[in-house]
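Chains here go by letter, A, B, C and D, matching the order in which they are written, and residues are numbered from 1 within each.
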Amino acid sequence: MGGDGVFASARRVVTREIEASLTRVEEEEARALIAATTECQRVFVLGAGRSKLAVDGFAMRLTHLGLTAHVATNVTTPAIAPGDLLIVCSGSGETPGVVAITRQAIRAGARVAVVTATPDSALAAQADLVVRLREYGEDHQLSASTQFVGTLFEQAAFVFFDCLVMVMQRTVGATAEDMFARHTNLE
Amino acid sequence: MGGDGVFASARRVVTREIEASLTRVEEEEARALIAATTECQRVFVLGAGRSKLAVDGFAMRLTHLGLTAHVATNVTTPAIAPGDLLIVCSGSGETPGVVAITRQAIRAGARVAVVTATPDSALAAQADLVVRLREYGEDHQLSASTQFVGTLFEQAAFVFFDCLVMVMQRTVGATAEDMFARHTNLE
Amino acid sequence: MGGDGVFASARRVVTREIEASLTRVEEEEARALIAATTECQRVFVLGAGRSKLAVDGFAMRLTHLGLTAHVATNVTTPAIAPGDLLIVCSGSGETPGVVAITRQAIRAGARVAVVTATPDSALAAQADLVVRLREYGEDHQLSASTQFVGTLFEQAAFVFFDCLVMVMQRTVGATAEDMFARHTNLE
Amino acid sequence: MGGDGVFASARRVVTREIEASLTRVEEEEARALIAATTECQRVFVLGAGRSKLAVDGFAMRLTHLGLTAHVATNVTTPAIAPGDLLIVCSGSGETPGVVAITRQAIRAGARVAVVTATPDSALAAQADLVVRLREYGEDHQLSASTQFVGTLFEQAAFVFFDCLVMVMQRTVGATAEDMFARHTNLE
């Protein structure tokens, strides 16, 4: 395909970078997050900017799977408590507002899982569970993404959470029909 | 208070208009909405713009009262079903996106309550229950509000819902301690 | 009105409390906030929970007045900079996530105005400008509100901002037609 | 890799499906959307559920690129007008609330671009510009995705928009430094 267009060539770079990053997610870390998610009382998700978009998309699917999920800062979100899990999504692991709210969850006795590109961050240091989702370039070199800072992490996070959903459909025994019946009809 | 400042004089007009509008809410309509809210399975709220702000504030307090409340269009909101109540807040009663979503709720078999300034609107026509919250001026003349269109309705709606909460605290037997325990700690 | 219903009696308490609180807002503080809002480059608003609803409602009206307004944490919100004003709305003045983000705005060189029920709070201490909006009971006693904690502040804030809008319509010379032309038509 | 874990095997399916779908995006359709986006006055984005997450992520990056972008239904979003572009993201192309709001944009004289998995949908029929983003399985068969309905479209849309951003960085001449300077500092 020598006559590649500008879109096709961008698409090739981006999908290779996502592939490179997701391939390096540790199976054990992903499974630990699945276990924590299915075994807790209620799941709360937290993020800022596009990382919030990624983890909000996960919260929707958890609802479809029949789990109880809440987005931190939504008006109907109740108090988090022991037995609950907070899943924080942050590339830098240092977003000030997110760090401040995570501290509240810890104080309340909840478990905290952090999905981050920065394992040596403030958020990762406070977490019970860390999933490392690092930015790799097309050439599989760490931090060699050619996309705008954070973009690859956010893409990888969006897709990563959907991979968990695919696994959890079997874990919790949810059929597509079950999930569709729980999908909002107010759109 | 002859030396009234610009703020004080605006404040006087606005609080009088709110008072004039809320005084004319029918006790029966308010009580019917309280009954519908406490007796249904789950409450869903829907609005656009500043009417959405008013009804979202109500959804938060319903959570604090121990009821199950969801905001239409939030990612974790499940499918509405028979036994559920949709509370729609719309001054004009004609907001196209809101009308379209309300139709979905009716199709799904849910009850619909509409809080509106326009009793002869599309939304009111489709509702099982209507609360009329009309715009009155300081001089208690209908539609004589001196505020920007819709503003008085939105203010009155915000305060109206909080009046319902005050009544419902007794109805459902929720103490301030109960409510505080359910208030989000992730802010 | 001996035959008062439960709604009417709640309505009477609530509107009196709002009146009692707003009457005590200092004209100078309100005017200083109006001046800061109309003279800055761009306005950013920040809050959590129902305080966020109140200040978000203000941001919408600022847009209608022809000013540039952004809600902190919305996806299209740009970086705040010197010349910009951050308006923070917080009853307690201590909301951790809000405090953390306010610190970022100060670091970026923006001016900060805080509308709060708690003048000796962390947020008020950091602000260039404070508007005190305290909770008064029906009997005009401080902190004697009979409503759930924070409720009166949130109501008073929602209405307070609309009083500013009424004044600013004259300050900036915006007619209802001007404002309506800027009102979103995508609802 | 015989010893594949459940996560790794889900990840393989998902990334292959995204690749299969994005590979089939028409270069001309992608380029037409880039041209429409960079040449219009202002961009407005609209979606529901997870499609909204995808297009909201794009709106953020447009802001970083120095374009003016608004999210339909956000409180600070102004009226759309001739010269503006509405980008609608919807897998089914039939979401009732989204269709109703799109109709408003057309009535207001704005251009409409639709990114959809369903080219023969109500939304596509009304659009000035359509980008087809269809769901393909691992085996490159149309509609053979093994993920929950709509999931692949939402993933592909999230990544698709980021590919446009990569191209537009060159088109509009935005460096990573320019973009970072516009990135919100209130998180």
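Throughout what follows, a contact is a pair of C-beta atoms (placed from the backbone, for glycine too) under 8 Å apart; a residue touches a chain by one contact, two chains touch by 3 or more.
This structure is a prediction, so every number in the text was calculated from the model and none was measured.
Asks: Pick the pair with more C-beta contacts: B-C or B-D?
Replies: B-C
Asks: Over half shared or under half: which fits the residue numbers at the contact of copies chain C and chain D, same or different?
Replies: Both copies touch with mostly the same residues.
Asks: Rounded to the nearest 5 degrees, what angle rotates chain A onto chain B on CA?
Replies: 180
Asks: Rounded to a whole Å, what is the gap between the Cα centroids of chain C and chain D?
Replies: So the centroids are 34 Å from each other.
Asks: Where the centres are mean C-alpha positions, what is the separation of chain B from chain C, in Å?
Replies: 20
Asks: Give, as an integer number of Å, the spacing between the C-alpha centres of chain D and chain B.
Replies: It comes to 34 Å between the two C-alpha centres.
Asks: Counting only residues that touch at least 2 other chains, which ones in chain C make the list?
Replies: 48-50, 53, 56-57, 60, 73, 75, 96-98, 101, 104, 184, 186-187
Asks: Take each protein chain as a node, join two nodes whenever their chains touch, and name the resulting shape: line, ring, star, complete or other.
Replies: complete
Asks: In the complex formed with chain A, which residues of chain D make contact?
Replies: Interface residues on chain D, with respect to chain A: 5-8, 10-11, 13-15, 18-19, 22-23, 25, 27, 30-31, 34, 48-50, 53-54, 56-57, 60-61, 64, 95-98, 146-149, 151, 154-155, 158-160, 162-167, 169-170, 176, 179-180, 184, 186-187.
Asks: Touching residues of chain A toward chain B in the complex: what are they?
Replies: Result: residues 44, 46, 56-57, 59-60, 62-63, 69-80, 86, 101, 104-105, 107-108, 181-187 of chain A touch chain B.
Asks: Which part of chain A faces chain C closely enough to touch in the complex?
Replies: So the residues of chain A in touch with chain C come to 48-50, 53, 73, 75, 96-101, 103-104.
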